[in-house]
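Letters are used for the chains, namely A, B, C and D, taken in the order the chains are written, and counting of residues starts over at 1 for each.
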Amino acid sequence: MAEERGGLGAEELRYYTASQWQLIWWRFRRHRGALVGAWVLLVLAFMGAFAPFIAPYSGTARDRDYVYGPPQIPRFWDENGFSLRPFVYGVKTERDPVTLRKIARVDRDQRRYLRFFVEGEPYRLFGLIPMRVRLFGVEEGKIHLFGTDELGRDLFSRLMFATGTSLSIGVLGVLIAEFLALVIGGIAGYFGGWIDYGIQRLTEVVRVVPVIPLYMGLAAAFPPEWSNVQVYFAMTLVLGLVGWPTLARRVRSHLLAQRREDYVLAAELAGARPAWVIRRHLLPSFTSYIIVDVVISFPYMVLSETALSFIGLGLRPPTISWGILLQEAQNVRAIEQAPWLFIPAVFVIVAVLAFTVLGDGLRDAADPYAVSRR
Amino acid sequence: MSAPLVEVEGLAVRFPVHSRGLFRRRVGQIHAVDGVDLRLERGETVGLVGESGSGKTTLGRAILRAVPVSEGRIRFHLEEGEVDVLALAGERLRRFRRHMQLVFQDPYASLDPRMTVRDIIAEPLEALGLAASRAEVDERVREIAQRCRINVEYLRRFPHAFSGGQRQRIGIARALVCNPEFLVLDEPVSALDVSIQADILNLLMDLQDSFGTTYLFITHDLAVVGQIARRVAVMYLGRIVELAPTEELFQRPLHPYTRALFSAIPSLEPGRSERLVLAGEVPDPAHPPSGCRFHTRCPFARPRCREEPPELRALAPDHLVACHFAEELAP
Amino acid sequence: MLRFILQRAIGMVVTMFFVSIMVFVIMELPPGDYADRYAFRKFSGTGVVVTEEDIESIRKQFGLDRPAWERYLTWIWGIVTRFDFGPSFAFETSVTDVIGERVGLTLVLLVATLLLTYLLSIPIGIYAAVRRQSLADYGLTVVSYLGLAIPNFMLALILLYIGVTYFDTTVGGLFSPEFEKAPWSWAKFRDLLAHLFVPAVVLAWSATALQLQTVRATMSDELHKPYVDAARARGLGEAKVILKYPARLAINPVVSTIGFDINRIFSELPIVALVLGLPELGELLLRSFLDLDMYVAGAILLMLTFVIVFMNFVSDIVLALLDPRIRLEGG
Amino acid sequence: MSAAAAALLRVRDLTVDFRTDEGWVRAVEEVGFDLRPGRTLGLVGESGSGKSVSTRALVRLLPASARIAPGSSMRFRLRSGEEMEIAALSPRDRRLRRLRGGEIALIFQEPMAAFSPVYTIGHQMCEALFAHPEAVGGRLSRAEARERAVEMLARVGIANPALRFDQYPFELSGGMRQRAMIALALITRPQLLIADEPTTALDVTLQAQILDLMQELRAEFGMAMIFITHDMAVIAQIADEVAVMYLGRIVESGPAREVLRRPKHPYTQALLRALPRPEAGRRRLVPVPGDIPSPRERPAGCPFHPRCAHRLPGRCDRALPPVVEVGDGHRVACVLFAEEGGR
């Protein structure tokens, strides 16, 4: 409680002269869960952006010696003694005497030491910078942190690439949806009347059709001869096209509420042009809500992509996304034999949780004046 | 005597009433303001008194062109000549706004919480481009802030740092920064605590003394209007029923409605003589009563009141009243 | 009230009209048309050389040479008058035959899911709002986060996994093998109910999570309204106050979002059905989209949407019955 | 006979704290007053003075974040003659339900918000009757309850009471809703009516109607009343005694006439001076300097001293002023009177 009276404390002065963004930040900081969520997302985004650097191998490279291989967990010591440098065991391929199938067998005597910044296959970072250095690797043989799939592809590497794809598709989808929502909701909220009525009807029509079936309908229209890049962008477009109505409704009602505020009338009576009102009053009140909106709708985009790719109507291999990775875990046999194929699901869950918690925190912080109005 | 600053003639504001549902038919209209004549002399304060639903706020905003006007004339007599305000549109209307401003009732909703006090006060100057440079804007903001007894150090702060009374001072400073000739004050002290009200009323009187601004002071509180206004107009259901110099009105209210308003004010001296307590409430403005709109609640109503709307006529010099039987009823 | 219902009914028809146009557009979107796919399916691998003329004649046969709006009218006319949704090439019969029994199963599944959702979310949501920061409240928060984060198909996979590894049963399907092709009987119905549980839990999963939050949020809002204190001040017992006053209003948003819930459930149907092997509309829809059997897909899309729109209509009416403000003012 | 012995309600040292993000905030501090049957106490103060909180404490209708501090006492004499210590009741005590509505009734500032929108006026009135068989002479049948409710609606001046009985709150006009609220409160014939700014949201003409009605009903029902307002003039109309609150403390109390004619505390004086009077003539008012501090920044010593024109540096900002009796029942908490008055 304020002990010093009379003179204004530095703390109070700081509060009184704090702008909207500072207040939002102060309130947001108190929300521990949201901070954790933000960090988790930063890490995921980093993984996605630097996927080729972090992943020891390309997403399609096969390790024929280690098919359906379980995760290799780096260790420091075993019955053969301690090592300061973490290592994984080597594998030997043997043929099963009965089925004659090749199976990987762990060779506990062979150690593969983990090295950082090793030379690997060449790649281009961000599709531009040619590089060879990878974050980590082993000197001989290969390392598969999360194991491999039925073709012997490294799940860890694939997951890094998938993270990049899924997050970026979510971002683009949300951006398109938010853009449409702003334009359409903005027009409806600003002009009102018949235009508003018509747009409301249209929004309602798109909203009543079940979302995933609608996605499916649009995704089914992708011609089979389309390239991966085309499918990728078509997906973002579809996500955006289906996602806008909910956002547009929120934009519209927020705009209507803001327009009715006394201070907007005050600005108009002070001789402000519409552009001034929008720039000085409406947009600043809006941006924080839009950020919240984006964060909240993001999980739906990611989940929709995952779901669609999962059932084969979204992205197509060799593109790698969370949904495509999960496709391999679609049947019970796969999960039984190779439960590590379920690791991508953990990523999806963690990412969505992070977004949800972050969204909640932002929503609480987004209107720093809510309390002081009372 | 010179021409008045603001001249309002036959002003009417009607809001359409729509039915709900798919086909929004127009089912009627609310006569919020219905044929009001009003003249405001340069530098005077006219009080506009009435209950909620009387149309006083709409009248004030209509003069400022903040709500669409259905009928009538509004003229400003400025130094540069006479201006027909209703004929203004677009850019010319926008430019004209420097001559007339509004102070809001709610000191919380009327200040954008995302702008500093300096930016709020500077808005009319910057929006209208009335200052040549940023330095000049700062200079004028500083000057008006001092006049409105706002600590200059507060200009960097945001509205959330302030109490109701201080916020209202900011609102007044914003309205006055472009030196308007005419100010509509819409219940500027109703939302404030009693101990703060007096301070704001004093400030408004001081500012009028130094700037010579003309005030239209809207309130539901006759006691407040007695302190600040030179003349008072009493409104009932969109019409002015009585208009007189304050002293005259307080001593000799002629309209039964005005008298009822007076006797409804709780007094510090309990047990005053003859009280005129009104029955019922203000009727729905979408369906106003015929004839004299007050006849449904008037204790003296006669058959004629139901049929014939009374004209606003002068019973004494400067004392106008809209009642058929004002002479008989006069105390 | 009758007018209100009529208005909503008209609104429903208008919405369905636009939806049907949208569905038709989606049916037309994939490259190539019905004739191409029909010919490809019928003759590929048979060695028959299909010429342009052959396809053209098929096109004529199905009326595909006519303009889109004409085909739309024929299509919609068939649905409205004869309940004929067009042909399915994949099954080489009419869509109605293909859909047949699946409609009933889908509705049974839907009702089971909704019941489960509301039986869980309403009481728990109310309890969590009343006992804020209790164990129930925190548990609810965790569950509702998980409900959002774990997509239903993932939950289905998890349940499948648990079923296979720990209980050595497949939890998929709607019937035991012996009843799959059997005619309807009491035993078959009981078998269905037993199998219904897992899909219903999976489908209700995220809907419950969302509804829990909605109920809790509205309940928290309502709990602090003055009328609740007013009811307490009347001397009512706490349980009665809570259940009779705020809880009554906390149900309204649940009623008003029933269409939204069904939308969610239908959204998840195809994927969950795929994982759990359920013979209902969602699974068929998915298959028809993969096969580009567009008449089937269109019919299902239209039906699912119709259920949602119809339930929106029902919820509007129920809401009006629950809330006198809508009933008496909305008409 | 001493006044205290006949008191219906005796409040002593009532202190209420609220838990906030920044710690505990004291909303009401050491409030004390007596109320005799049939008398009206006017509780007057500006926003944040704690007048609503102190009366809510009487029926234990405080938010969950509030705490009545130990040492607070609110003794109420029930209809049965038994004395009850309201501060000692547990929030779940069944006797609390008899108290609420049966012995002490409340009317609120916003009648629209105080009625549930989904039940009829009559339904909510009958509920009060059914909840208090002890106060209304036994269990009533539906028909009897309806009859009483309609009677009561008629009594508070609602035309067409039988029709209004079956209407929803939003179908009534503002004035009628406030009348219905009063009818609802009085239907159980409570011993004490707490009216929390019942006329603030109303126009002056309606305010006059409601004040007249409440005066009438008070006389007819013979109940005691606590009337909360921020308007000194309303106090003059309706109250027998008055207690002036500032930042959670009673700074002056006594017979209404006496306090209004001869206010002693600088705050009361300032309030009365600042009040615009219904007289014509442009003149300067005398404002109270400064702003009301928020309850979380309560000044040390006398809460009013930062705004007081007569403050004595070194005294007013150090310790709480003693309560001094300056006339018959007229008490003031100000050091200016500490010497001359004595206890």
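Before moving on, here are some points about what is shown:
Heads up, the rule we're going with is that contacts are C-beta pairs under 8 Å (C-beta built on N, C-alpha and C of every residue); 3 or more make two chains touch, one makes a residue touch a chain.
As the structure is a computational prediction, the values presented were derived from the model and not from experiment.
Listed by label, the chains touching chain A and chain D alike are B, C.
Counting C-beta pairs in contact across B-D and across A-B shows that the higher total falls to B-D.
Centre-to-centre spacing of chain B and chain D amounts to 34 Å, using the average Cα coordinate of each chain. If each chain is reduced to the centroid of its CA atoms, chain C and chain D end up 55 Å from each other.
Annotation for chain A: no residues touch 2 or more other chains.
Contact with two or more other chains is made by no residue of chain D. The residues of chain B never reach two or more other chains; the list is empty. Of all the residues in chain A, the ones that touch chain B in their complex are 15-20, 23, 261-263, 265-273, 276, 280-281, 284-285, 368-369, 372-373. Residues 51-52, 163, 165-166, 193-199, 201-202, 205, 220-224, 226-230, 246-247, 249-251, 260-270, 275, 277-282 of chain B are the ones that touch chain D when the two sit in their complex. Remark: chain B residues 64, 66, 94-95, 97-98, 101-102, 104, 106, 108-116, 123-124, 127-128, 156-158, 160-161, 171, 174, 178 touch chain A in the complex. Contacts from chain D toward chain C in the complex involve residues 59, 61, 63, 92, 97-102, 105-106, 108, 110, 113-118, 124, 127-128, 131-132, 168, 170-171, 184, 188. Here chain C touches chain A in the complex through residues 14-15, 18-19, 22-23, 26, 29-31, 145-146, 148-151, 153-154, 157, 160-161, 164-165, 170, 259, 263-264, 266-271, 274-275, 282, 285-286, 289-290, 292, 297, 300-301, 304-305, 308-309, 312, going by the rule given at the top.
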